[in-house]
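Next up: some structures, all given as structure tokens.
In the two assemblies presented below, chain A is common to both, partnered first by chain B and then by chain C.
What follows is the complex of A and B.
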């Protein structure tokens, strides 16, 4: 990597940035899920590794969350953006050199940010825990350079129109910059009180709604047509998806604080908008599933489609939960319980991770022109992710329902803790399966890069999957 | 961009996102800033200081640059007995909370009373100041406001600290830093829910209870009891001490981590704490080989655990 930092832009091979982003994202995924598994063990067995300040649950919880969001998911997005945007524009990435620097600064900056968080140096605001000087560094040193590369690649494209995926990429990176700038304003300007509380959740909601959800969906808009060879079912439904994300997903932030003393009009408004999240969700899922027409055998045979369509299918329970659990009728029961933790993992580990996983699998093979080292290990990875995730999701949902019941029947809290214990163990088992799967994935991708069979010019990696 | 559609699309996008931000940011915050601070809101603001997370004055989050909350039963200037009162002591250099620097964040009426009657605009953080919460009638209602006792009662910070003594001083602001740094709020919420928490965790907070507080650290993922009114439910220092040192001493089924490291190296008498021995003895006790658990050491007067306990016990 070092030799490319000071090379001339045209001397850097196309795809370098994306490959570095891809491997970085897998490594962060291993780190993030490893910490997650460790944290889960502590919730099941509180005296597991005890007495060390830096292995306390309260110091490591946020490191897990931000390592997977800003390390795994966002870097996998950057990987997807830096190879899909040029591919769809029939051009090269605007600046590979900027891209290589972007990878370096991102990795160094994130390591620093997470080290500080691990020491407890935090703003005390969930999801925007990172302190404001580093927030500024993320905005101007990480997100903006990535945005510049994506926007300029779209501007300098050699095709006429702009495909759906690139609408989402271009606006997603723009919106996440706005969200970081505005959402951290309580720290920049010391805004206080309910404004601070509300802005914290405005950030948390929108970083998911205007960054993770649309960009993950954009990846599926690329992988499914590309790998199956079917054209996208409907460009118009794509339009509906895009515009309803911008309008309906950016407005319900207050539904995270339904039981807090916010103005009532705001809660009611947010709740109605929250149900309308189903509009982009249904548009997205139906568009992708209809694109699969005639190619459903690939859901079984092809690893990228297996990942992508699993992610798309998980978007159905995700949005059904998300749309309705925030209404007053349901929220009073499950707010603040493990149900929400299960839902958050359904969004990030279920829906989103499977889509990015496909992008990283596909991208690394295409860019390195090397066939996957082992399809068996890829299937192992898939099933460990899926079974591990489902174990986690189901156990946390049950734990959440127990907590909800304990809450309304005013059971002494310690009895809720006792009742949740078996589900905490199941959660740890599930999380550890995900971590194990990821270690195998890292090995598989590393071996793909080292010894994978070369793909002949003119062939696509998935065409050769079953050839020796 | 070539196509006319893209120009229209970009404008539509700007209008959509701008409209969304207008509704979700401008309207709510301009509604929230009109809220007047309650008495409890003022007490919290004055006892927590400027910021409860990372800040200039405390970049490593050790609880520095924070006010001290003291309880007085004598006027430190005149030595006359007075009704017990909380005073918030800002030694020289400790930055003021938003409610002092920008009085309007406490609400219009409170801001006016605090400026005219409380004379908070005469406070200077370089010289230090002492504040109390006072009451006055405004518009037919009794309203709490901030009084700058350095001016109105001639109290100076050091004098007040000396008069109160260590046993009547609480490092609530530094404790809030510990609460955020140690991640207590990942499990313990500070937000009894409006729908059903009344009986167990107490009354949910009201609109004006947070003015000038940052971060509010509500917490979202409750794995442990809500703490907003914990000081009213349990104010035993001994129980808290044992619970922080090793929660399993008082609650065998607790999944809370041990916070014994917050005691630091030395105990109240300056003697080094032998954590390894303590843990070994506790393991024997937990295995049933000892009848009694080992004694929890007394904490030093200025230790992280002191700060944290002062904060937790201040949550009434």
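What follows is the complex of A and C.
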């Protein structure tokens, strides 16, 4: 990497930024899920690693969350953006040099931010835990350079039209900058009380709704038509999806605070909008599944399609849960329980991770022009990820329902802890399977880069998957 | 930007612009990706309509609410009635009370039917309801959770005396804003989509 930092832009091979982002994202995924597995072990076995301040759950929880969001997910997005955006515009990335610096600053900055969190230096607000100087560094040192590269690549494209994926990429990076600027305003302007609570959850909601969800969906809009060779089923439904994300996802933040003393009309407004999150979900899922027409065999045979369609299918329970769990009728029961933890993992580890996984698999093979080192290991990764995730999701959902019952009927806390203990062990087993799968994935991609069979000019990696 | 308004549900774009869009659509390669021009399938349109309807219905406080203490106030008042006391069977006592309240007519009739109780339930809440009546509080702000009568876990607007309303609204300006929001959204998306070539036109993907 160092030789590219000070090289001329035209001397840096196309795709360099994306490859660095791709490997960085996998490494952060291994780190993030490793810490997640460690944290889950502490919940399953209370005597596991006690007596050390820096291994306390309270210090490690947010390190896990932000390593996964800003390390794995966001860097996988950056990888996808820096190779898909130019590909869709029949051009090169606007500046590979800016991209390489972006990778370096992102990795160094995130390491610093997570170290501070680990030391207990935190804003104390969930999801926006990072302190404000680092938030500003993320906005201007990480997100804005990425945005500049994406926007300028779209501006300098060699096509007249802009494909659906690039609408989401260009808008997603713009919106996440706004989310960071506005969502961290309690720290910038020392807001407290309800204002702080509302802005905290506006940030948390919209990091999901205006960054992770639309950008993950954008990747699927590229992967499915590209790998299957089918045309995207409907450009028109793409419009419906895009505008409904922008309109309906940006408004329901108050549904995270249904029992708080916010104005009641704001909660009513947010709750209706919360259900309407199903509108983009229906548009997205129907468009992608209809694009698969005639190519469903690839769901079994092809690694990228297997990952992508699994992610698309997981969008159905994700949005059904998300749409309805925030209504007053249901929220009183599951609020503040493991159900929410399960739902968050359905969004980040289920829906979005499978879509990003496909992008990283496809991108690294395409950019390095090397065939996947081992299809068997890729399938191992897929099944460990899927079974591990499902184990986690189901066990935490059940634990959440137990906690909900305990909360409503005022069951003594220790009795609830005992009742949910088996599910905490299942959570640890599921999380550890995900971590194991990711270690295998890192090995597989590393070996792909080093010894993968070269792909002949004019062929695509997925066309060669079964050829020896 | 050529507009036409003679057939708004078919196309909002004039023929020249439609022709240019079709030519571009067929000619241009976006990194090897092709796009079709299919309409939203009818079942999906119905699903979206159902979603919008559901969004309003399910968020209004029709479903899933715990029973308010107020709906049992009339039941509790009849528990010490000599005629009730003279009935030995607990089920018979409740049946008598329910019929007596129903025959008199109660504004809580629908909620009473939705939240039936047994004699043992009434025995558990009786003293608590009487105590709250003595304090003069609004029993619609109290809910029954198992054996307890507790202040509802609901925080509404402030009353003039500074206390908080504990009753869920059936309608407020949040819903009104939503009605307009959804209408604006639907109109805007229909305009965006009707600016495209009509869905009966199938792109050829020539040159891909």
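Side notes on the structure shown:
Everything below uses one rule, namely that the second predicted complex is superposed on the first by the 468 of 468 C-alpha atoms of A that agree within 3 Å, B and C clash if a C-alpha of one lies under 4 Å from a C-alpha of the other, contacts with A are read in each partner's own complex, and residues count from 1 in each chain.
As a working rule, a contact is a pair of C-beta atoms (placed from the backbone, for glycine too) under 8 Å apart; a residue touches a chain by one contact, two chains touch by 3 or more.
All figures in this text were calculated on a predicted structure; none of them were measured in a lab.
When the two structures are aligned on the shared chain, A:131 is found in touch with chain B, with no touch to chain C.
Contacts of A:182 after superposition on the shared chain: chain B is touched, whereas chain C is not. Residue contacts after overlaying the shared chain place A:226 against chain C, while chain B stays out of touching range.
Applying the stated contact rule after C-alpha superposition, one finds that A:240 touches chain C and leaves chain B untouched.
Contacts of A:343 after superposition on the shared chain: neither chain B nor chain C is touched. Of the two partner chains placed by superposition, only chain B is touched by A:50; chain C is not. In the superposition on chain A, A:403 makes contact with chain B only, while chain C stays out of contact range.
When both complexes are overlaid on chain A, the residue A:190 reaches chain B alone and has no touch with chain C.
Of the two partners chain B and chain C, more chain A residues are in touch with B.
Of the two partner chains, chain B and chain C are each touched by A:260.
Shared interface residues of chain A, touching chain B in one complex and chain C in the other, are 160-161, 243, 247, 251, 259-261, 263, 266, 269-270, 332, 408, 410. Contacts from chain A toward chain B in the complex involve residues 42-44, 46-47, 50-53, 56-59, 61-62, 119-126, 131-132, 155, 160-162, 171, 175, 178, 182, 186-187, 190-200, 202, 243, 246-247, 250-251, 253-254, 256-257, 259-263, 266, 269-270, 332, 335-338, 340-341, 403, 407-408, 410, 413-414, 417-418, 424. Every residue of chain A that touches chain C in the complex is listed here, in rising order: 84, 87-90, 159-161, 163-164, 222, 225-226, 230-240, 243-244, 247-248, 251, 259-261, 263-276, 278-279, 282-283, 286, 290, 323-324, 327-330, 332, 408-410. Residues of chain C that touch chain A in their complex: 24-25, 28-41, 44, 47-48, 51-52, 54-56, 58-59, 61, 63-65, 145-146, 148, 153-157, 164-165, 168-169, 172-175, 177-178, 181-182, 185, 188-189, 192-193, 196, 199, 203, 205.
In the complex of the two chains, the chain B residues touching chain A come out as 1-3, 6, 12-13, 16-17, 20-21, 23-25, 27-29, 31-33, 35, 41, 45, 50-54, 59-61, 97-98, 105, 180-187, 189, 191, 193-197, 199-200, 204-207, 209-225, 247-248, 251, 253-261, 275, 279.
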